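For reference, chains read A, B, C, D and E in written order, and residue numbers begin at 1 within each chain.
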Amino acid sequence: MKSSANSGAIIKRRFGLVIDLDRCNGCGACATACAVENNVPPAFPEVNERTGLTWMRVYRAENGRTFPDSRTVYFPISCQHCGHDTPCVSVCPQNAVDINPQTGVVSQIPERCLGCRYCMAACPYHARYFNWFDPTWPAGMEKTLNPDVSVRMRGVVEKCNLCHSRWQVAKAKAAAAGKQDLDPADYTTACAEACPAKAIVLGDLDDRNSEASRAAKSPNAFRLLAKLGTDPKIYYRSNREWVRRLGDADVAQIESEASRG
Amino acid sequence: MTNVTRRNLLKLAGGAAIGFMASPMPWRLTDELAIWTQNWSWIPVPPKGEVTTRMTACSLCPSGCAVQARCIGGLPVSLRAPAGSAALCSLGLTGHHLPYHPARLLAPVRVTERADALHTNPVRLGEVVTETAAAIAAAKAGLGTVAVLDMRPGRSISWAWRSLLSGLPGGAVIAGPGREGASLATLERMLAIESGSLGLDFEHARTIVSFGAPLADGWGSPRTLQRLLGGSRGNVRLIHVDPLRSPTAEIADRWLPARPGTEAVLALGLAHVLIAENLVDRAAAAKAVDFERYSLLVSRVTAEKAAAVTGIAADAIIATAREIARAMPAVVLAGEDAGGGRFGRAAETAILGLNLILGNAGKGGGFLARPDLPAPFDSASLAPVQDLDQLPDRSVALLLIDASAGDAAFPWRVVERKLIAKGGLVVALSPFFAGTARHANLIVPAPTFLEAMFELPAGFDAPAATLGISAPLIAAREGGADPASFVRAVAAASRIDLPGAWARSEDLIKARVARIHRVGRGSVMSIADGAEKPLAAVATPDALLEALMGGAKWEDAPSPSVQSMKTMLLGDAAGELERISTCATAPKQSPQYPLTLLPRAPRDATASAVVSPVITKLYRESVLRRSPETAVLNPATARELRLRAGRKASLETAAGAIGVTIATSGSVMPGAVEIAVSPGAIALGDMHTAVKMEILEICAIDESGGWRQSAARLVEA
Amino acid sequence: MLGIGLFAIGLCLIKGLNQTNMDNRFAFGLWIFLDLTVIALGAGAFFTGFLLYILRRDELRAVINSAVVLGFICYSGAILVLMVDVGQPLRAWFTFWHPNVHSMLTEVTFCITCYLAVLAIEYAPIVLRNRQLRKVPSFLVFEFELHKVMPVLAAVGTFLSFFHQGSLGGLYGVLQGRPFAYRDGFAIWPSTFFLFILSAIATGPAFVLVTTWAVSKISSKRLVQPSVYRILAMVSGWLLVTYVGFKGIDTLVWLNRTVPRTGAIPAQFYAWQPFGTWVLFAEIVLFGLVPALILIAGARRRSFALQLTGSLLACAGVALNRFVMTIQTLAVPTLKFEPFMLYWPSWQEVATFLAVAAYGVILYSLSFRYLKLFPHERDLQQY
Amino acid sequence: MRHRGFLAFGIGLGTALFCGWIAFPYALYRQTEQPIQFSHKIHTGEKAGLTCEECHALTAEGRLGLPKLDKCAPCHSEPQGKTTAEKLLVDRYVSKGREVPWLVYARQPENVYFSHAPHIKLAQIKCERCHGPHGDTGSLRPFEQSRISTYSRDIHGRSVLPIRRTEWGSMTMDDCSRCHRERGVQESCLTCHK
Amino acid sequence: MFPGINGFVWDAGHSIFLGIFYAVILIVLTTLIRAWLLTARDFKSHREEDLGWHADFEDLPASARACRHELSGEVDSRMCPNRFDCRYCTDHPKFVAARARQQEAVAVPIPQTVAGFELPANRLYHRGHTWVRQEADATLTVGLDDLGTHLMGKPDRVQFPHTGSRVVTNGTGWYLHKNDVMVRVLSPVDGEVIAVGGPNDEWYMKVKPSPSASGTKHLLSVAEAGPWMLREVERLHIALAADGLGAALADGGAPIDDLTKAIPPSKLDDVCGLMFLEP
């Protein structure tokens, strides 16, 4: 009885990131740390920015003015972990994508995926990536892979899962100590941890006194393409008006020379 | 009859089909095959084993950040910054990949050039030593001089080199060209300080006037950047002078996009306003021996004139000067760029001279003289440490490159022209067949980060000398050679006896640590718990070593004083500055080369000869950073010259041409071409792509050895 | 052609999809586009069957066999390509074992596989009618009985086809992440669901007409009565009119209600060359209304030339529509700061499809040679 | 003729059934012997009287697995008895300080993140629930691994059919999720997959 | 997919979707099985011959399927609805009745030869170019008519049913082999084969009509045979005309006795198929 009560206890969290675009200076440490943490393989020589695997991808965007008035902003974009009408969950033909009720993380299970890429067509953030190549590391470098994350195979889709392996480790640690819930200090994402400017913050958006939820409520916080109604759990904030306009969907197109070339 | 048998066969088949369907085989087979696709033998399997956490420090760039390694079965699988210490850059985060980099050398090699591609053939270490010894002999016999190109001066191995060179003709240790903080040498000469070296005190500066110092791209210790980025930026203001809309410019309070090459004029212009408006402590400034001449010289460079030359509005210049004066102490930097190198003597003198009239010498928030780290051993005679431009051209017969602890990006020609015409030998100590080492005739594989003990002497921007140690976590690969023992071997082979009882690098480091312990000054800062305790409290040298190995840093007690014999505002560049101050207009662009080529790179792309292959995430798998194959123009300029984004083109200067892809961005100064110097294909681990000429090789090199800008043109293919 | 194609297929299966020019933005490429087109054209099979067996338009008996074979070829070909298109063909059965019933793709997969089976069954009697095979009495009798139950299968086929043609449309209509493709709809079905059905059944007969004509040109035989062509043209024409009508309404609703709600601006969709507003015009008028009118006029005036041009245009129209839904949807950026992208298929992609096309041609010509695809052929030889 | 037809049919059926039911399972699995023999019975029985937890102990990170050599060394510094296994253990491993390369029957595949901690500590599940009563087995059966999927045979269970005679018959995903459902554990892919 | 498989839940979506799916599968399967059972049944009731003819008849060109009353000009255009089995035809009796009335008006002269082919009056003719003569002992003699004989000439080999076996109307009568072309001759009557003749005899089979056999209504009287024969000759002409073999049919008045000599083997098969009613 006790046991079942124990394991049955419901813990609902809504983990999300809040990214301060005014702090981000585009160093890319988040992308690198992410790749190291999640065993994302390096690029084949043939790979380009259209076929690469970047769970955390930093877009460079400009305000469209020209020198010296041109200003640059960096958008670190991972899976936005939509909470509602999640585009990818509903389209996957074989339940390889779902939302973890305990964390609100949108999962992508490479072992179940058949590589139809419908979810990629569905995702407005292009946060899902397809393994066009077999995963390969230089000889010996497989010794540096993270044992808590399985290496994906060619022909499947993969994406950010808020370093879910770290969540699992933290849960296990808590359980070993007989605790149901993990200690927030034990769980943060690689990108948040690596950011030199502390621009990325992970936290439970429902937990009123988590730093993340407070930041997410700040007046200058916004979510990408919010109007699509997918309720993403990744928030961005910036005091610069043009940046917010760039991130939100209901303003006229701003030419973006940046991500060209 | 045939019909009958056929019919029977049919029935047999039918029976078999039904039978199989009724057995688990087809279904299990389908399942097993599906699972097989999850466990393909060619998918790498992560290691299994005990999870441990170990502390060390990053030796890949001079900052020496503290590192916490997560190890599986003793081998690091991820690196991160320990709580409370500065975060790691992309290079540091992937440092544990470098021992497995495809460019990693596992045996000494001889480099030969065939069909415009470099090839390596393994040789025995003995051969390298004898050939080096032979070259030394030849040098002694008058063929030329012997020099060591040290990419990380200040390490105790430098003393080993210096004692090796001391007896040799023209023997000198050359600090890597264009390295961070090199410009301080100029300031040191202007101050003619007797002992120790200058250190920067950012902590107390209220204004940072950065002439091109790429603080946000890794310049100086990350602490500075964090202070600038931190929400509590509060009392420190950043004024950034840079033709590039760089990340540093993005975070600057004021950005002055001076035309490339006119920084000196801008500096003089600022000086003019500061003096004219009495914003400086004249009395302090007047201490300088050449103050009269200086003030006369700057008096010529009015704000208007400076504006005409630099392209920055006169009132902006005036406003800047006032801002500086308002928020003192204001430290002025002539920042080197990891890809663009130094400004050159004249410009550095003009820029750094501002510090003197602002009275920053020996002031908190300015420049402090700090005692050097103790030498690892005493030696009767030591070869000097010099800058490259102090070497006469075509003089060096034997050049030893010590790239064992890191590398830097510079045009090889700046070194090449110091070598004798032919018969000169270049021997490199480097873990990788990449970077500077590619220009050597012989390469000895040194251990790389995490494979051996590295010492991390103070960054130039620390107010006091500090020492950290990067402890090895991985067993050194077979076939490597320890730099110190290589020095010993060479010395032995050419019958030079070296002072001190040391065989390997560790011995040198331990010896130095022991000396520090004997000095007894300063304190030990532990990373694990952030506790700081006086060195006196550390009982034995071994205890100190242990602490440092565990990630602690020793920090000398600060001594905020600069004993300078005489201050010179014009240093040894008076002549050049005279000329600069007199020319009244912007530098002309030749019609043949209408563009100004600005090679740049962030530190994490150049501090090591190679980067982890996963750094492709930043360069090739996304366009966050532009690869060395991409030349970026202002759209307007592109339109003028009828160049289209995305097209292949050849980027040409007087020195040569390379193939690039054109990109456009509004953030680029009209008339300029921005291009990254690193990382190339090899640095990223792609050994198959044939090595083309690299961008730095076509950069023009000015008289003071700088290569920040060159006249160039783009021709669409 | 088949050889090269098979080689290309081999490459894609062994080396992986890096052989194609698809990428993370163009997750779908040439293959999906052509699959959708081919399946739309294959609709002729079920719709002719529907007209013949359910609505009892017996004139169509003249083309039903050919239509069925066409359908079979289109569907089997499409599935073949899909098998190459997915990253892990060996896991394809997961969709049946762990289906996500909310996904349009699941619906498509189920329906198409079922319908292929049905088509195979419908194909069987045509094969069994072969002069040699019918010598085996059991075959002959089975064929006879099978023929009697054909209406049931036709009904099932019709049901399935209606569904998956729709689901193929829904495939894109439901992508609320892609304002360019997203459509409002009824219940769980976006409007594209119904539009695809309409366009498919409208162009199916047209395609049958075109192929019949082509075959009779190549074999220089008269295969069916002109009246059959007329019926096909008439059916196709009127359905096309209906389709264009609804499509027009849908487009207006989409531009004025759906898109603004998603925060996007319709004008942006067509701001990127080469996909200007001309695409919209071509889709609805040039290859929609025009062929419809031509077809009807042709049927009225008994001018075969008109009927043929109309049919060709109609087929082109459905292809264009599928192209817009698949490729243009992916080309149009969703985030403000990302670029517009284009994509060209690699030779492997083209070759793979050509292989399937070759397979189709071969299978059809074999059927034509040995089977009786056009029952009236013989009579028409007489006079 | 008819009769002969049936004969042919029967033959086909028979061979197929044989291949499917008997030959196939035999051919599917590759058998390897454990490096040395080991008797759980002796260790758990009155002889040593150990409990599972004493060797298979839970670490602070919630990991639990086979005991390392340091667990064996204290008693087995020199052979306890005459068996070859004993001799091997001491000579080849204990004395050399090399870990015994046990082949793990119950190892889950790469894509699964399984931690014993929640199952033992929170749900209080007994070892036998999943591992069966091998605590009192006298010897180690050979390790069987599928030639195709590389899974240990214990994952799919002894029987080639997905029919479980006992509670601990197999360790497939369905088994996990069945138990989870019974206990009302919130489930999603990422609960167990990594 | 199935309850119990991981991920399956009893929600509306699953129930509806899978419900429909299984329904479809079920329908398809049952349809197939039904077809199969019917097949089995047909074999039990030995309908294969009949069904064979059924299929063949459908495949016959329209010209070959004209109703006998069209041939005799009693109706302008009529396709035979009963596969030449007038015994079960509802309209046939009406026509006969009508004819009876007419015959009172004018007596039709009975031709002995049509287009050079003999049509003996004491025989009944079948559309498959066979004739039937009712013998005194109530048996039926079956033979190949004049056109058939001329068409095939002297067959190399004749393949008869075993004496004692049953033949059915429009089922296989016997096979004629000529220059490796095999021609199936339809049996004009139901009954048991009691004797077989051959090309050398004037007849091919003697048949004892089965009690169930309901007469010879379906056979053409010599009067009807005339127009029919004309039509047949015309069909033959057209068939041959395609390769300009028209002339081969008749040199002068009398048709040559062995057309196979004149017709290229490639074409022979088709021509025979056309004339002997096998598509």
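One rule holds in what follows: a contact is a pair of C-beta atoms (placed from the backbone, for glycine too) under 8 Å apart; a residue touches a chain by one contact, two chains touch by 3 or more.
Everything numeric here is computed off the predicted structure, so don't read it as measured data.
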Fewest hops from chain B to chain C - one hop per pair of touching chains: 1
Chain closest to the assembly centre - both centres taken as Cα means: A
Greatest separation from chain C - chain, by CA centre: B
Chain of greatest Cα-centre distance to chain A: E
Interface with more contacting C-beta pairs, comparing A-B to C-E: A-B
Geometric centre distance via CA averages, chain E-chain B, whole Å: 98
Geometric centre distance via CA averages, chain C-chain A, whole Å: 38
Between chain B and chain D, centroid-to-centroid distance (C-alpha), Å: 53
Approximate Å spacing (C-alpha centroids) for the pair chain A, chain D: 37
Junction residues of chain D - those touching two or more other chains: 61, 63, 110-111
Multi-partner residues of chain A (each touching 2 or more other chains): 48, 51-52, 59-60, 62, 95-96, 110-112, 134, 149-151, 153, 155, 258-260
Per-residue overlap in chain E, given as positions that touch at least 2 other chains: 5-7
Interchain pairs in contact, sorted by label: A-B, A-C, A-D, B-C, B-D, C-E, D-E
List of chain D residues in touch with chain B within their complex: 1, 4-6, 8-17, 19-21, 24-25, 28, 61, 63, 109-111, 146, 148-151, 160-161
Chain D-touching residues of chain A, taken from the complex the two chains share: 2-4, 6-8, 10-11, 95-96, 98-103, 105, 107, 109-112, 148-151, 161, 164-165, 168-169, 171-173, 175-178, 180
Touching residues on chain A, where the partner in the complex is chain B: 23, 25-29, 31-37, 39-43, 45, 47-49, 51-54, 57-60, 62, 64-68, 70-72, 74, 110-111, 134-147, 149-151, 153, 155, 190, 193-198, 257-261
Chain A-touching residues of chain C, taken from the complex the two chains share: 16-18, 22-28, 85-89, 91-92, 94-95, 97-100, 102-106, 109, 171-172, 174-179, 261-265, 268, 271, 329-330, 334-339, 341
For the chain E and chain C complex, residues of the former touching the latter: 1, 5-7, 13-14, 16-18, 21, 24-25, 27-28, 31-32, 34-36, 38-39, 42-43, 47-48, 51-52, 54-55, 59, 61-63, 238, 279
